[in-house]
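Every chain is named by a letter (A, B and C) in the order it is written, and numbering of its residues begins at 1.
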Amino acid sequence: MDISETLRHRILNRRAGMSLDAEFYNTSEVHALDLDVIFGRHWIYAACDPELPEPGDCVTVEVGSNSILLLRGEDMEVRGFHNVCRHRGARLIDARSTTIGNIVCRYHGWTYDETGKLLFAEHMGAGFDKSCHGLKPVHVRSVSGLLFICLDEAPPADIEYLAQTLTPYIAPHDLANCKVAHVSELVEEGNWKLAMENNRECYHCDGNHPQLTVPLSEFGFGFSPDELDQRRSKDIRTYLETIESEHARWEALGLPSAEVEELSSRVTGFRTMRLPLMGAGESHTLDTRAASGKLLGAFNESRLGGLSVWTQPNSWHHFMSDHIVTFSALPLAPDKTLVRTVWLVHKDAVEGQDYKLDNLINVWMMTNQQDADLVRLAQLGTQEAAYEPGPYSGYTEPHVEKFCEWYIGRLASTLLEPRAHIAAE
Amino acid sequence: MDISETLRHRILNRRAGMSLDAEFYNTSEVHALDLDVIFGRHWIYAACDPELPEPGDCVTVEVGSNSILLLRGEDMEVRGFHNVCRHRGARLIDARSTTIGNIVCRYHGWTYDETGKLLFAEHMGAGFDKSCHGLKPVHVRSVSGLLFICLDEAPPADIEYLAQTLTPYIAPHDLANCKVAHVSELVEEGNWKLAMENNRECYHCDGNHPQLTVPLSEFGFGFSPDELDQRRSKDIRTYLETIESEHARWEALGLPSAEVEELSSRVTGFRTMRLPLMGAGESHTLDTRAASGKLLGAFNESRLGGLSVWTQPNSWHHFMSDHIVTFSALPLAPDKTLVRTVWLVHKDAVEGQDYKLDNLINVWMMTNQQDADLVRLAQLGTQEAAYEPGPYSGYTEPHVEKFCEWYIGRLASTLLEPRAHIAAE
Amino acid sequence: MDISETLRHRILNRRAGMSLDAEFYNTSEVHALDLDVIFGRHWIYAACDPELPEPGDCVTVEVGSNSILLLRGEDMEVRGFHNVCRHRGARLIDARSTTIGNIVCRYHGWTYDETGKLLFAEHMGAGFDKSCHGLKPVHVRSVSGLLFICLDEAPPADIEYLAQTLTPYIAPHDLANCKVAHVSELVEEGNWKLAMENNRECYHCDGNHPQLTVPLSEFGFGFSPDELDQRRSKDIRTYLETIESEHARWEALGLPSAEVEELSSRVTGFRTMRLPLMGAGESHTLDTRAASGKLLGAFNESRLGGLSVWTQPNSWHHFMSDHIVTFSALPLAPDKTLVRTVWLVHKDAVEGQDYKLDNLINVWMMTNQQDADLVRLAQLGTQEAAYEPGPYSGYTEPHVEKFCEWYIGRLASTLLEPRAHIAAE
């Protein structure tokens, strides 16, 4: 798409280490660019296997003005389609999730099979060629049960590197044998990048997340050595030693734990690391113990800390011994973002017996609301004439910087090599 | 108005037989063009006589950003005015319908008579010329009690042909002696053209309108001969014979019944036809019998089927022996349309005695809601990147094609001969 | 900012004595221009002393997309700041009014003192220079307790003339010893200029304000001599004589009362005049008597009429012997305006004892609602194609004309001498 000279200039001259110019957060021009370049040409985290476990199960995901239908076929394959009838363009499936046989358009009854093939279209006459009117497909890639989609015809190839790297981390948590325990959909009143930046640091945790900071250590996400007193220096040393010993223990259990950080170095950026938790060290709960009695996969040890998985541009995930929490951020408007959170437990876990729902979701329900409020304040700020980019802390905000670096880099590469850039990767 | 090169190209190169390009349904540019060219220069169906039966009765109609005031004078003439005070521009009548004496502006009391003449304006001093500050008139044309307005100074002349053609069909139903039994205002979440296209076919009726398809035959609006089995072929033969015999009977009663189809062949496009109804064949009710005991006009036969009247760009009407249902569609936004439905019965019919309101309005209340839902799905579809124009059925959607042909033709003629085109017609 | 040729033409060719062209009331282009030129470069009435009486008290005011924080320091000085953190731009104070110690950003805890100096920013490392990251200041000027702000770096200098002229009128009412009795925030559905124009005349009072016209004389704001009958001529003579005698009496009490009218003759336009009230002549109440038993300042006479103070672009105020009502209008959107009304009584007056709240606020609560409705009708009118500027009455609308003259003049001077114009004044 064409962009203004001002915007082109801002993309090509971003000042490293500083928050983005206000235009990136609140203009319709950047919103359209983000939908085109970022959400239209990259792998987007959309859903996970347990959201559509059986043949005929489907979910729809809104990516900008695209509604994408994900449908599990009889062959257990998940396929993606544009959720638009090829007759007069009506939306086909008008629900977030449901179970269907064939895909039938409510308007005039046009009927498609699970591969998108048009099976039936009444009154179209003898000369009508059904084979030209199948649904338009969308790429789907499962990474150990995390489902990514790409709207581009030629998706970035390095999803393979991401899959290869993350699979050993994720696979032991056995998503395929999980079930959905709870879903929350929260509309945050801020740009999607502010929601992501908020997620990429814990500098704000201490003052804003009284629940989350029970299991999470204040030292897990960086600190400035200049400001440490003796007590804190000692606490940090202890924490760093814990990481070292826990990593050794987890690796011995077959659980890769070391940090892999590829946030801005790849088209399909990501990061992972297994971190110890505080207290009992088992889970993101207020008592730091496992929320569910049925451990995931083949685990018989509940003290596995939390495996964080981040993907660019739009997801983060916490894998623990007893449950998984996955998050996606999807832009709704320049100043509105849908944050979808799904809590997963073992498919055989029984609510009220193996886990209490409140206890399972408490920490992140509260934390999400607190973050939504911060994102709102940040959005309000960017809309003011007095806003100007401010400095990121090199100690507590390096991953925010990586996010911005990746984002600006992706825009810039598109400007420099429009369309050609993807095929080359 | 100036339009973009892209839009000009799309207008001049529309592919016949296919739904319109997405831009026509969801851009502010086309919305503005529609308000200017279609709703600003054509005859728009606005109301009907029984909505303002007595002198001093008035209704207001919103056409884009114009509020039009229709007022019946002491001479029983209905006049139209822009609903704007000539002093500081305040809206004059702030209600959908009311009864007034003179037209008095609430702001500073400026007062106009029923012809729009300024009668009174306090404090304006001796030199003030009231004769230069009358209300701005709007053309009004009654066609047997259906009130059409035109905002253009030189309205299309062929309203006369429409009036001359339709009057013998409509007049026997004697609108002047009807009263309003019910009004419904439904805001559909789709472009006005999607609301009209939905009205111009019954391909969708079978799957979506369980109530409407009780009185309406599935064969009344076309079918593909290629797909008929023996039983349906026989049913169709029977239905076509019924039309023939009923038309002969109705013509003998003085009721013209044959189809007149001028949907895309004239500036003021229209279509009419009298069709038999199913079952008792009397009315659009769930038992197919007349809803009102007081028949209209001089009728003493209730089995008169349904006379359909369609006008471009924005109305449709069903005239039966016992009641009339009139519909108008008015654009509120690119993706919002007001559908106004008015049910009319004989002015002497008494509710609860001659008719039950539920029974009278049931079929179309349900049908309107079902259509609104389909229009919503169609609008959602046009907003997706994957939307592309799809093929209309030559058998069941020819009038949708005529609507699009008329619409694009009207835009094109304006582009080719800006403003001059109207005067010539 | 760049403006379209059409708008430039309309500014430079406004027809005197007529309401403004529609574009001034309902386009985003003019809204942006108004925020830049009018609200961005002039003195804006924002609040009054009793709204933040103690050190640490603060209020926030939204001027377009700017949130301005007004904070009273330990030195009793009121300072203004852009309400935006210098770290990642979050809004600092997220409430209309509150009391704080330091200014602490909720996001990451950055902390500023009452002069805007950055005191504390964790994790920023040794090289970080706090002195470069203070809050951005905004000019604040108190005129006898009325607080004006200016967002421009070089505010119009003639606020001094306004202060010098108005102080003798206002000071005797002793704002510093008042307290807030009630606040109303009303969002009017019209452009801010329509709210101001509505305030600048009482031509509409007779037909719309049954409560306000109890204390206010219909002759207080002009009349056409051409239309007077004998009785009204006599009433007017009586009223004019009353003004003369009351002015003499008030001046003798040390209260300047004569009209000063500088509405369009200065950059910082204003007008003031003390007018007699009807009946008991004491206050804007339904019984025309003082609403509060504790008179303001050193008054021991309650029959002081009403001192009107108007400032361009956005305020009006009524000062009486027993209470003060202040009003500000702030644009929220082309068709939305916040009207804030604050009722003030002596700080020692006790509700229920010295005054009844209902009785105090009744007249203006009703009047504001009535005006909001008129502003809504006026806005609706300007959105119609048929709107055209109409004539102001030379007798009852001269101050509306002055408002428009000032407004257009300010825009024009900016167009002719961009930015330079202010410094010269």
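Please note the rule applied: a contact is a pair of C-beta atoms (placed from the backbone, for glycine too) under 8 Å apart; a residue touches a chain by one contact, two chains touch by 3 or more.
Worth saying up front: this structure is predicted, and the values here are computed from it rather than measured.
Asks: Please report how far subunit B has to rotate so that its Cα atoms sit on those of subunit C, a copy of the same sequence, as a value between 0 and 180° in steps of 5.
Replies: Superposing subunit B on subunit C takes a rotation of 120 degrees, nearest 5.
Asks: Would the interface of subunit A with subunit B count as same or different, where same needs over half of all numbers used to appear in both copies?
Replies: different
Asks: Using Cα averages as centroids, what's the distance between subunit A and subunit B in whole Å?
Replies: 48
Asks: Can you list every residue of subunit A that touches 2 or more other chains, as numbers and ranges?
Replies: none
Asks: Spell out the part of subunit C that touches subunit B in their complex, as residue ranges.
Replies: On the subunit C side, the touching residues are 19, 22, 197, 203-204, 206-208, 222-224, 226-227, 374, 377-378, 380-396.
Asks: With touch defined as at the start, can you tell me which subunit A residues reach subunit B in the complex?
Replies: 40, 64-67, 82-91, 94, 106-109, 122-126, 128, 133, 136, 151
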